[in-house]
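Shared between the two complexes below is chain A, which pairs with chain B and chain C, respectively.
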Partner chain A sequence: MAIKYASEEWVKAAREAINKNPAYQEAAKKWEGDMYFIVEPEGGLKEKIFMYFDLWHGECRAASVVTDESAKTPAYRFWAPVGVWRQILEKKVDAVQAMMTGKLSLKGDMAQIMKMPKAASELVNSMLKFETEFPW
Partner chain B sequence: MFGYMGKILKVDLSKSKISEEDIQEDACKMFLGGSGLATKYLFDEVPKGADPLGPDNALIFMSGPLTGTESPSAGRYSVVSKSPLTGFWGEANSGGNWGVHLKGSGVDGIIFKGISPEPVYLVIDEGKAEIRDAKNIWGKGVAETNRLIKEELGEEFQVACIGIGGEKLVRYACIINDLHRAAGRCGMGTVMGSKRLKAIAVRGEKAIELANKEVFTEISKTNYDLVNESMLKITLETYGTSMATDLVNVRGGFPTRNWQTGVFPDIEKISGITFGNSELLVDRKHCFACPISCGRVSVVKSGPYACKGEGPEYETIGAFGAMCAIESIEAITLAHNLCDDYGLDVVSAGSSVAFAMECYEKGVLTKSDTDGLELKFGDPDVMIQLVHKIAKREGIGDLLAEGTKRMSEKLGKGTERFAMHVKGLEMPAYDPRAAKMCGLAFATANRGGDHITAYIEGPTFMDIPFLCVENSKIEDLLVENPAEAKVLKDLEDSLTVFDAMGTCKFMGMALATEDWVDMIANCVGWKFDVSDFRKAGERIYNLARAFSVREGLTRADDSLPKRLLEEPMPEGAAKGHKVEKLDEMLDAYYGFRGWDKKTGEPTPEKLRELGLGAIIAKM
Partner chain C sequence: MWYFISPEVVYGLDAVTRLAQLEGKLACIITDTNMVKLGFVDKVKEQLSKAGMKINVFDGVEPDPSIETVNKGAAFLRQYKPDWVVALGGGSVMDAAKGMSAGYERPDVKVEELNPFTPLGPRTKAKLICIPTTSGTGAEATWGIILTVTGEDRKGSFGCRECTPDIALVDPAFALLMPPELTAQTGLDALTHAIEGFTSTWKNDFSDGLLLKAIQLVFQYLPRAYRDGQDMEAREKLHNAACLAGLGFINSMCAMAHATGHALGGVFHTPHGRAVALLLPYTIEFIGDAREELWAEIAYTLKLEVPKGKKAAPILAKAIRDLARSVKEPLSIKETGIPADSFNKSVEKLADNASMDFQLVTTARAPNIEETEKFFRYAYDGKSIDF
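And then the complex of A and B:
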């Protein structure tokens, strides 16, 4: 059954999928840094959604939807309209391509991100392990 | 000497005489090689005030200590001369394989002086050099020149040559090796043409002795693997240098219609991603020892722009695409390949066409000046015709062949306001109104309007850091922050070392300074740490500046076209922005450099600190 994107249930499912993905664990074994995935309003979505993921050495230690942006101070922030997130999760747009075209924005230590493209790719692959619904 | 072949060739073309000189270890320790060592020779060999196209100017080809080794992307060589575009220090750099074979032939570099009475080319075969008659290849394009030389000498010879553009003294002619790799900027091909030197063919497989070969090999492999796993490889290999077109356009800094705006509305028709996903891209290609195949092998199968070759690169799409408002990626690809065969710098050529189009739009040029052509923005056929005319200096092409600075001086009528060059060198496709630090970078670059000197578009438009400096972060693209002038200075110094080592500057994004000093130290065998790396870069940068100061450069030359200083960006993410604090930024920059704020000259104290005290009296 499809899970509503960016819901608390979806974030938990994503965490579980990340932790069950050996390819991610291998690719991200040197990764240190938590992040916000920020879903910006578009279409029927009227308010920003902040998804928090704490990623550490190939493991997702925590994941939740955050209502107060200032509740966490993650090392990385990725933001895009919901339609772009959908294109990425439906593999219609590559995440790297989305960054290079300015559709997906990010803030954080780019040097670390530049070193670990496989980890980014496997992170997305983990989120494809279950069905996602976009109701907006 | 480890890392070097130990020999420099000196060729007096006026007397048809070749001599050899041992490479000096002291000079190598100070300037490494490549453009660093070549700049030292330029300062020593070229008299003050020499005509760039006269016999006293020197044209210097130089490899670096890492050229031809197992270091990642170590296939590069530099060409240094007094530029016929700027009248100051000129430099161009190229990859491919030619530099490796130059070193394999047994020489580190070649210094040409004089002017040959007849067209000639130089052959270096396993260390033996010979000047040959070039009558049968004079007048030929780059591809045909390569074919004829290889037919005469053998397929193993690698050729660097000029095309018809260099022969005709188009001021922005370049030198092409491996058929499509260009030592592109500053008119180095023009200087070569002025000396009636058509080509240099090299062959040889002499081994490069390394100080600690086993350690060097191990470090190089580790570094190669690091680059191979980086996002830099994924992005550059997938989309080429033109990957940046979309992002720069989104940020409102993709110069369009000769910089009248920074947003090209039809970017999806010409972007790097569009090209990368099209059938025009048939293969990817890498330079010697490079993990990244960023080169594009392209074919336009049919139609008026049918061609087969390489490119287009980001700068071609910028200059012949958005700047000229051309929506046809096929026409842009053909323009790129024509420039390769004529031996023209795509940045200066495309910019000159765009400038002429705006002059036509404003009525400064009319059909009576343009051989009947309507130089309208967006017309790909006209753009292609102009490329042919420039290379042959035919009709209106004779004017465009002079570059935008001289074109505006001849045309007058306020055209200097939108002649988009710095010091005479046309600017690359990044509008400083949308990333202010680019303005300071273009204004101060030793070559003139140039992006490669500091690669400032990496940390600005693309938000990609350089690991070869301690800090490359620019906080806000639209804010002119004098404190961040230090980032520019550090990038200039550090990336200067890449041109001296013989490696690609892209690698500065993927590997840290510590990685490079390990390779250099184990290559050459003398102490070389991070401090030495930074000092070498600063020393070479100051020497190049000192050369230009000697030739008349002042603070007033460190400026930008009026359009960028006075006309706000009309639309897009940078709407309303212009470069407003250039003077304040220059003060800060000179401060970080230890240069005189009134004159922009390196101070005697700074030169002495860098071990350049001997040149003070010669400036």
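And then the complex of A and C:
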């Protein structure tokens, strides 16, 4: 059954999928840094959604939807309109290409991100392991 | 949505005279001492003088340049404030010059922070011209900057679209003095760019034609240029092939041969072209079925016979090995002279470095760490990949 994107249930499913993905665990074994995935309003979505993921050495230690942006101060932030996130999760757009074309924006230690491109790719792959619904 | 990024390409004999048409007051030439000794710097100065420009020369770029060298060069540019930066040399010089140019334009951004996700902004202080003196890296047409990360025994990939040179000046006269070994290594580097760009996961309609043409040209003209360095037709075609491959791959990316080749070069200082080219056939075997149709398309372009029911990947891999052998290049890591004990001590580091390379993301079949180590061991022994 499809899970509504950016819901608490979806974030938990993503966490579980990340922790069950050996390719991610291997590629991200040196990754240290938590992040916000910020879903920007578009179409029927009227408010920003902040998804928090605490990623540490190949493990997702925590994940939740955050209602107050200032609740966390993550090392990395990725933001895009919901339509772009949808294209990425439907594999219509490559996540790295989305970053290179400015469709998906990011902020954080770029040198660190550049060192672990496969981890980024596998992070997205983890989120493809279950069906996602976009109701907007 | 995607981009096709390209500089103005001026090519053919006498392309160097384009420099005499530039408008500006001061040019800084970024180069190495060998280019000075060969008289190439004087040739460039002569043309820039015709344009009425004053000239300063920074000739301190070493092979596999470091971040420190780029910082020194950027400081040099900030001191002289040129309106043209002219890079004259091989891939090392051109990549270093791209970094220096970025450091001149944006002193607030460290070269190691240059990345394809953060726009640098347009060049406002000086335009960048790249003049290749080897026929391989295609760096005159690309935004990528490969630098040695001192202390980490690895090469890092940096750069963003705005690091693309404004003008690529592809004059084969600058390639005439390359010795046969360098001709072979750089020509095979161009071939690797072309094959990887054509088969990467980011391949696209705009790059494909350029890359197939480059593959044809390298197969046809590399043996000639290797045998007779004064064969101007072969030199010109190879020089063009390198630029075509550069234009193609920078817009579609390379793949596993570059990820593993950078790792090998970072640890053992194997020349870049030699490293990527010797690993290329192994990567074709490894990627195998994930790109079978494309291997077949390349084989068709090269008029290689693929018997019915047979796979194109091993046939193409063999053709590349035959070409490499014909220009006396090693076919295994062992043949490069790296002792077995040094290799064995480093194989974990090689796999680790390869896994951090950006080019692994665009490989149609990406290996995990265990597979990467095994891959290096096979490539060391010269064993065809069977896993």
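Assume the second predicted complex is superposed on the first by the 136 of 136 C-alpha atoms of A that agree within 3 Å, B and C clash if a C-alpha of one lies under 4 Å from a C-alpha of the other, contacts with A are read in each partner's own complex, and residues count from 1 in each chain.
What we mean here is this: a residue touches a chain if its C-beta (ideal position, glycine included) is under 8 Å from a C-beta of that chain, and two chains touch if they have at least 3 such contacts.
Just so you know, these numbers come straight off a predicted model, no measurement behind them.
Following the overlay on chain A, a clash is recorded for the pair chain B and chain C. Of the two partner chains placed by the overlay, chain B and chain C both lie in contact with A:114. Looking at the shared chain after the overlay, A:100 reaches both chain B and chain C. Applying the stated contact rule after C-alpha superposition, one finds that A:26 touches chain C and leaves chain B untouched.
Using the contact criterion defined above for the overlaid structures, shared-chain residue A:64 touches neither chain B nor chain C, since it reaches no partner. When chain A is checked against chain B and against chain C, the one touching more of its residues turns out to be C.
Only one of the stretches 260-268, 278-286 or 314-322 in chain C has C-alpha atoms clashing with chain B after the fit on chain A, and that stretch is 260-268. Annotation: chain A residues 96-97, 100-102, 106, 110-111, 113-118, 120 touch chain B in one complex and chain C in the other. Residue ranges on chain B touching chain A, taken from their complex, read 226, 229-232, 234-235, 238-239, 243-244, 246-247, 250-251, 271, 273, 462-465, 467, 509-510. Chain A makes touch with chain B in their complex at residues 96-97, 100-102, 106, 109-111, 113-118, 120.
Those residues of chain A that touch chain C in the shared complex are 22-23, 26-27, 94, 96-97, 99-103, 106, 110-111, 113-118, 120-121.
Remark: chain C residues 1-3, 112-113, 115-119, 156-158, 161, 201-202, 355-358, 360-361, 366, 368-369 touch chain A in the complex.
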